[in-house]
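Going by the order they are written in, the chains are A, B, C, D, E and F; count residues from 1 in each one.
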Amino acid sequence: MPDPESPLTVGVVKETKPGERRVALVPTLVGRLARRGLRVVIESGAGEGARLADEVFEEAGAEIGDAWAADIVLTVSPPSVADIGKLGESAVLAGFLAPLTNTEELAAMKKAGIRAFAVESIPRISRAQAMDALSSQAGVAGYRAVLLAAQRLPKFFPMLTTAAGTVPPAKVLVLGAGVAGLQALATAKRLGAQATGYDVRPEVAEQVRSVGASWLDLGIEAVGEGGYARELTEAEREEQQRRLTEATTGFDVVITTALVPGRTAPTLVTAEAVRGMRAGSVIVDMAGETGGNCELTEPGKEIVAHDVTICSPLNLPAEMPVHASELYGRNLTELLELLVNAEGELVLDFSDPIVSGACVAGADEEVR
Amino acid sequence: MLVESLAVLVLAGFVGFAVISKVPNTLHTPLMSGTNAIHGIVLLGGLIVLGHGADGVLNKILLVIAIAFGTINVVGGFLVTDRMLGMFKEKPKQDAAKEDGK
Amino acid sequence: MTTLIAVLYIISFSLFIYGLMGLTGPRTAVRGNWIAATGMGLAVVATLLQPGMGNWWLIALGVVLGTVIGVPAARKVKMTAMPQMVALFNGVGGGAVALIAWVEFRTTEGFQHEPLYVAIASLFAAIIGSVSFWGSNVAFGKLQELLPGKPITIGKLQQPLNAVVLLAAVVCAIVIAAGGSSEWLIIGVLVAAALIGVMVVLPIGGADMPVVISLLNALTGLSAAAMGLALDNTALIVAGMIVGASGSILTNLMAKAMNRSIPAIVAGGFGGGSAAAVASGGGEDRPVRSTSAGDAAIQMAYASRVMVVPGYGMAVAQAQHAVREMADLLESKGIEVLYAIHPVAGRMPGHMNVLLAEADVAYESLKEMDESNSQFPQTDVALVIGANDVTNPAAQSDPNSPIYGMPILHVNASRSVIVLKRSMSSGFAGIDNALFYDPKTAMLFGDAKSSVAGIVEELKAL
Amino acid sequence: MPDPESPLTVGVVKETKPGERRVALVPTLVGRLARRGLRVVIESGAGEGARLADEVFEEAGAEIGDAWAADIVLTVSPPSVADIGKLGESAVLAGFLAPLTNTEELAAMKKAGIRAFAVESIPRISRAQAMDALSSQAGVAGYRAVLLAAQRLPKFFPMLTTAAGTVPPAKVLVLGAGVAGLQALATAKRLGAQATGYDVRPEVAEQVRSVGASWLDLGIEAVGEGGYARELTEAEREEQQRRLTEATTGFDVVITTALVPGRTAPTLVTAEAVRGMRAGSVIVDMAGETGGNCELTEPGKEIVAHDVTICSPLNLPAEMPVHASELYGRNLTELLELLVNAEGELVLDFSDPIVSGACVAGADEEVR
Amino acid sequence: MTTLIAVLYIISFSLFIYGLMGLTGPRTAVRGNWIAATGMGLAVVATLLQPGMGNWWLIALGVVLGTVIGVPAARKVKMTAMPQMVALFNGVGGGAVALIAWVEFRTTEGFQHEPLYVAIASLFAAIIGSVSFWGSNVAFGKLQELLPGKPITIGKLQQPLNAVVLLAAVVCAIVIAAGGSSEWLIIGVLVAAALIGVMVVLPIGGADMPVVISLLNALTGLSAAAMGLALDNTALIVAGMIVGASGSILTNLMAKAMNRSIPAIVAGGFGGGSAAAVASGGGEDRPVRSTSAGDAAIQMAYASRVMVVPGYGMAVAQAQHAVREMADLLESKGIEVLYAIHPVAGRMPGHMNVLLAEADVAYESLKEMDESNSQFPQTDVALVIGANDVTNPAAQSDPNSPIYGMPILHVNASRSVIVLKRSMSSGFAGIDNALFYDPKTAMLFGDAKSSVAGIVEELKAL
Amino acid sequence: MLVESLAVLVLAGFVGFAVISKVPNTLHTPLMSGTNAIHGIVLLGGLIVLGHGADGVLNKILLVIAIAFGTINVVGGFLVTDRMLGMFKEKPKQDAAKEDGK
């Protein structure tokens, strides 16, 4: 099917979602794809948010053109139904596609015969680690969350003994110690705060300590499938809230990362807990997308309630577009290298759990 | 005579005791081998008894064997120890690396 | 003349002592060995200077025989067969003592006109010499795999039988000391001692053999000292006793380093207690080579490049500061220290970076996976600190492994590998790691922080 | 003169300068002044910016009232001529008064017979360290400058080796290694960046290294009086600029703190240097108040020039009002304890170099 | 009987050796001393058991006299006067040897019927004993300030004069050995040796005295051994020789610890080289007590609370990691370790916090100035690491000092103070610090990082 | 006789040499004092010579002095050493602290 004369094209589109400054590929990776026999087409201005000018892409060997018409289209955020219409027939689409929530868009893809690969759905097996965009972006988010909290806090993070008196270290609590949570703990500790972590999965305690933070033990466990946490029972949730509310009071900063994929985020910080916190304290709620871990969170906004600043940034990685794009681009490149063989032909091996797992549209037809 | 020898014996014991205090594990085996060679000194016993004239064929045979044994102990002991200590010799590092490469 | 000989003896045992002191340190060991050998040469010369020496041809015969057998044996033995060679050399030393004691018995008609202490010393020498000869030979046989390496016992009878034979030897000896002069008595002593030597060593497992050989070595030293008392020869007394004493300490050190107790080992030989069990955790019965902080230190101190491969275990142990200290020490000795950072080592992206930055490790010495892999072949020691999955060759070779396809650090491309972890248990992926069973690999068990601290201490002592 | 029945009052006014969130006294210090026999009067809402409600001050023993009418008035930023009019006759005024630049205000004070103490003018002798508000606020500013830079930089500060590739550490250059500069270096290093410091005073090299950073040696020295740097000669300045421009190119973040009190800030980062920097790099210019150390700086604004973000925050300490106010308040309290004796009487001892040094208005009359 | 005595002698010198081994470690030292004393008791008893002993009353007289003088002297001497007491005890030991040799000469009419070696050994004992007696007495006099502590020389004549006197002693001795039996000869030997003792020690400065006393101690040991050879007494030979050998090593260790070389010291005595110069930097001639890492380690290991006082020097040396390691070690020994953080320690607000946080020191153990000052009186050791101005009492006492009025850490309220810095030079404020001259304070000179690393090593060795 | 004594002498020297390897500085002075006490063994020489009957008043006087000297060396030496080692004794820490307080 593929013609060595006219190689497969990879399109990198300009993100349209407000505030999205990432881009799905960076110039250093263009050459790597070229070595696989792929031609990269960049939508003009795609790299602007990450301060990557079109020329830089061109220097690296890419063309500026209609990226939506390419054989393989790479995106950062899920395309709208309108965008999906711009895709060529039987095009391959890869990126964050939010398959669990964007049901309408998914239906559109299926109808248009698009073969769509959602990076969220790549199984978290060892071999797929290099394609794990959830991890790479969560790492960025965890780091940024701490910077945000430090900016908003009217106090120092580190302890300082000075001629004008001693300032105690800030106390930072991170709820949910996944990739983002661990990175947040490590960063807070680095900045000199007293970092404490909490998670429902008890085995995480060791990991929390392994970044030099301490562990908040509430005595509630919930381990689900595939390394993700399961949802808690009603009773458990109440108990957790009660104990957490008690514990939260003493902290200057609370960063929450507790997500259960596809479900509403659990409420970990109640309104009562916020009321109990000292004036000027800061909450960074990273679970805003699924409703937030704090009862008072207004997703995407920054509010002050009971003299506590509650931030709920929805797209922290986009605030650090250079490295976030670099990491994300490498994730996608790794994925493409699995979908395209050494001769530059698209070969979708649905017996590979990564391919079948990531494919959210177009798989059924091919497999049968 | 006996008591002077006893004094010597006790003192030698203290010397042996005090000399070996902290030895890195890697040197345990070479050290064992080295002390092993030293007790080859029994060769001297064979030399003295045979040298001062042991009569009888059996005695002579036994003593020749004893001397041979003692000699093996001494000569073999020191040589083997030296080989074991190969890694601690003035290192012609590059050569060793080359040998590996060959 | 006697004065000269006595002075030569004093010089020669001084050389032994000085040589032995040298043998306890890596830098002086080689020279120490040759100093001791010089002492030995001097002692032999002094002895040959004794007035009234004769039988020169026979003496020459014995020496030549010994040299012809000993030198090639020592030259040709493979490095791996060293321990059994030492056992053999030790054995013949003990044999020589036993033979000389026997001849003494014969030439003095059962020590009849000698002082009592000569008789006692000679009999002691005979017993210990014979035990050492036969025990060493059995040890040799086991290590050379001429005899099965596993413990051989005759069950419950072992202990009483050993006791009876020991009693027989002692009774014969007492009868001789009390005036008995029948040659069967001394033969009885020698044979009973031989039986003891065989029966005590046979039930001991192969893993404990080095300790047993060291013990027999110390015993041979004691028998030489006893022979020295009997012959009134200072050189023999001193050299024998030094070996006896230092050998005992050494045996103790070796047993400790292997986490064994001497009584337990010997009791095993006497039929009590169970024989050695090699440290193992994962239910695996493949052999694992374990090492000590001291050895790891020496191995690195004599390397030119060391690659540190940190993993989650370093994070759990919070060993980063200790690792930095170790690297500083090595670098001060002119050794290049690099860090091989696997992309997913630890439990979060950049986990190792966070820790090593905290410990102020220079960014330049952190090497990415690809660069590390090209460096390993020129690396003398790869020090794996609490890493597991990221070094597991199964990721490359076993398509059924859950980590198949993950790129790994090829640590076993380096000349030797030391793995620091607490047990044989598995890492994040929950699978066994063939690296640990590689003949190149030595395991240093224990918490990474204390293991590294141990290495630091040993490095300072070098 | 003073009446034990009607003790001296200390007034804490509400800051009016836009963005000024600090307050000159915090509740924990009210008791300390009371023990000296002083009554504290707070202007309503004075603590708002630092999230200190009026009630909190009242609980600590202060009164809410007309702070401008007090015997001693504490401020953070220099009062306007209008404000000076509100002061009582022969009132004592203490705070940042910018005596070298606010000549008009100073004249007004002198005319009104106010005795004014400028914390900027306190001599930097050992005994005065506890009153050294320049130091305490510079420490805050240095820390905040790094947070700001980290926020603006589209990259990670720390080095991270991840499944999606290795991210190198950010390179941070701090120009001017006074209190603020050293704190910035230490904070950048903490966050995992490769921190490098530069200053005209060569003895600072050791201090830079003592916070774990490295030293950029350009070979130019200029040591002035009283521990401050002297102005450079024309030739020196050119040479410095040339060499600095060369060195600056390789850095992701440049933080400048080089001030010479009362003079225009030296230009350390030329437009050419900015052009040479990588796209996305960040400059935080802390010398904006006196014109800025970067040629392109627009004081008080954040601009992007040649794809480099140039921030020039004029009041960094105000962004961290709780701890900044706490430290500043203690500085002022220490100063008051020098001006007021144990009986609560105002005793101005102009033979004390601190008192005479700090007094910028009203001294002449008293001394003679 | 002689056999019993010989065996008792063997037991007694074994006790000496065992006791001496004990004396080398802080935990076993007290017991070691008493074990050696037991050995001495045994040796005396064994000697009194000798057949044919008489003169009991005189013996008793001598022993009682010695006890009556020795015990109160040892009991009452002040701790600071210990070194001169040791010198005195050492001197009388040497004196005893010299006297016995003299009597031997007299009773054997110049060793006329004795083997040559007895004569030589006795004469050696006489010379060394006399040197030791007189040398020790001069050392005592200097330390006790009966003689001026400064070097006393007679200029260029010193060296030739010493040589002449030495020659005289040797010539007299040779004449005796060759058969001379005039009593003047032995008196000549003793007097010449006495002169040597006096003339060699007089020109040595007070600071070197401990080394000199140790040297004289070793010499007395050798003279005892020589006396043992002459009297054919094993106990004397062994004990004397052990002291001779161990004393030499010890002298060497002491000289090294004080950064002096023995040849230089003795050459000083012989008129060559210049005499000791105490370490000093600031041109100050007030005495400063300097200490070693080993002593600092022991002092802290036996404390119950240690306060670390970090300053700018810790930052310059980047010693924070080493400090943490030291604190960990101390804490593992059950010692409380706190950090006294002065508000302006270092060069920027919070300088110490940044560094200590990097080294992962727990926030709870950092104490502010006021709390620290109330803790110092209950502190055994205040370890000042590169801090200077912040501990300078001039800030409180000297209104003319540039730092007058600055609050300080009152480190000298603690039981002892150890200051780590590179020299006597001043800190930021450029002024001298009286703390360094406080009798409670000991200075450990050197880069803070390596000094702390040294302490860590010593702590591990304890 | 002499040569056996020489052997003993040499061995004792080695023992003395080997025993003192690494001594913390704080123990230097007590160790010196302890060895000092041990060479008080010269007392034995006085005992032997006097015990076996030295004739003449001067001899007797000299020997009594020698014995007294030796005794001082021994008794004083061990006692002083013990006092120096005070800090290493089983520590009744609280008491020491109280003493300071008094």
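Everything below uses one rule, namely that a contact is a pair of C-beta atoms (placed from the backbone, for glycine too) under 8 Å apart; a residue touches a chain by one contact, two chains touch by 3 or more.
Not measured: the values here are computed from a predicted model.
Counting steps between touching chains, the shortest path from chain B to chain D takes 2.
For the copy pair chain A and chain D, the superposing rotation over Cα atoms measures out at 180 degrees to the nearest 5. Contact count check for C-D and B-E (C-beta pairs in contact): higher for C-D. Taking the mean of C-alpha positions as each chain's centre, the chain lying farthest from the centre of chain E is A. Farthest from chain B, judged by the mean position of CA atoms in each chain, is D. Per-chain Cα centroids separate chain C from chain F by 40 Å. Chain E has its Cα centroid 68 Å from the Cα centroid of chain A.
Chain B and chain F, compared by their mean Cα positions, are separated by 38 Å.
Mean C-alpha position of chain E lies 15 Å from that of chain F.
Taken residue by residue, chain D touches two or more other chains at 129-130, 135-136, 139, 158, 160, 162-165, 167, 190, 192, 212, whereas all remaining positions touch fewer. Each of the following residues of chain B touches two or more other chains: 2, 4-5, 7-8, 11-12, 14-15, 18-19, 21. Touching two or more other chains at once are residues 13, 17, 21, 234, 238, 318, 343-344, 349-350, 354, 357-358, 360 of chain C.
Pairs of chains meeting the touch criterion are A-C, A-D, A-E, B-C, B-E, B-F, C-D, C-E, C-F, D-E, E-F.
Chain B makes touch with chain F in their complex at residues 4-5, 7-8, 11-12, 14-15, 18-19, 21. By the touch criterion given at the top, residues 312, 315-316, 318, 343-344, 346-351, 354-355, 357-358, 389, 395, 402-407, 429 of chain E touch chain D in their complex.
Within the complex formed with chain E, the residues of chain F that make contact are 1-2, 5, 8-9, 12-17, 19-56, 58-60, 62-85, 87-89, 91, 93, 97, 100.
Note for the complex: chain E touches chain A at residues 341-345, 349-350, 352-354, 357, 360, 363, 366, 368. Interface residues of chain C, counted against chain F in their complex, comprise 2-3, 6-7, 9-10, 13-14, 17, 21, 234, 238.
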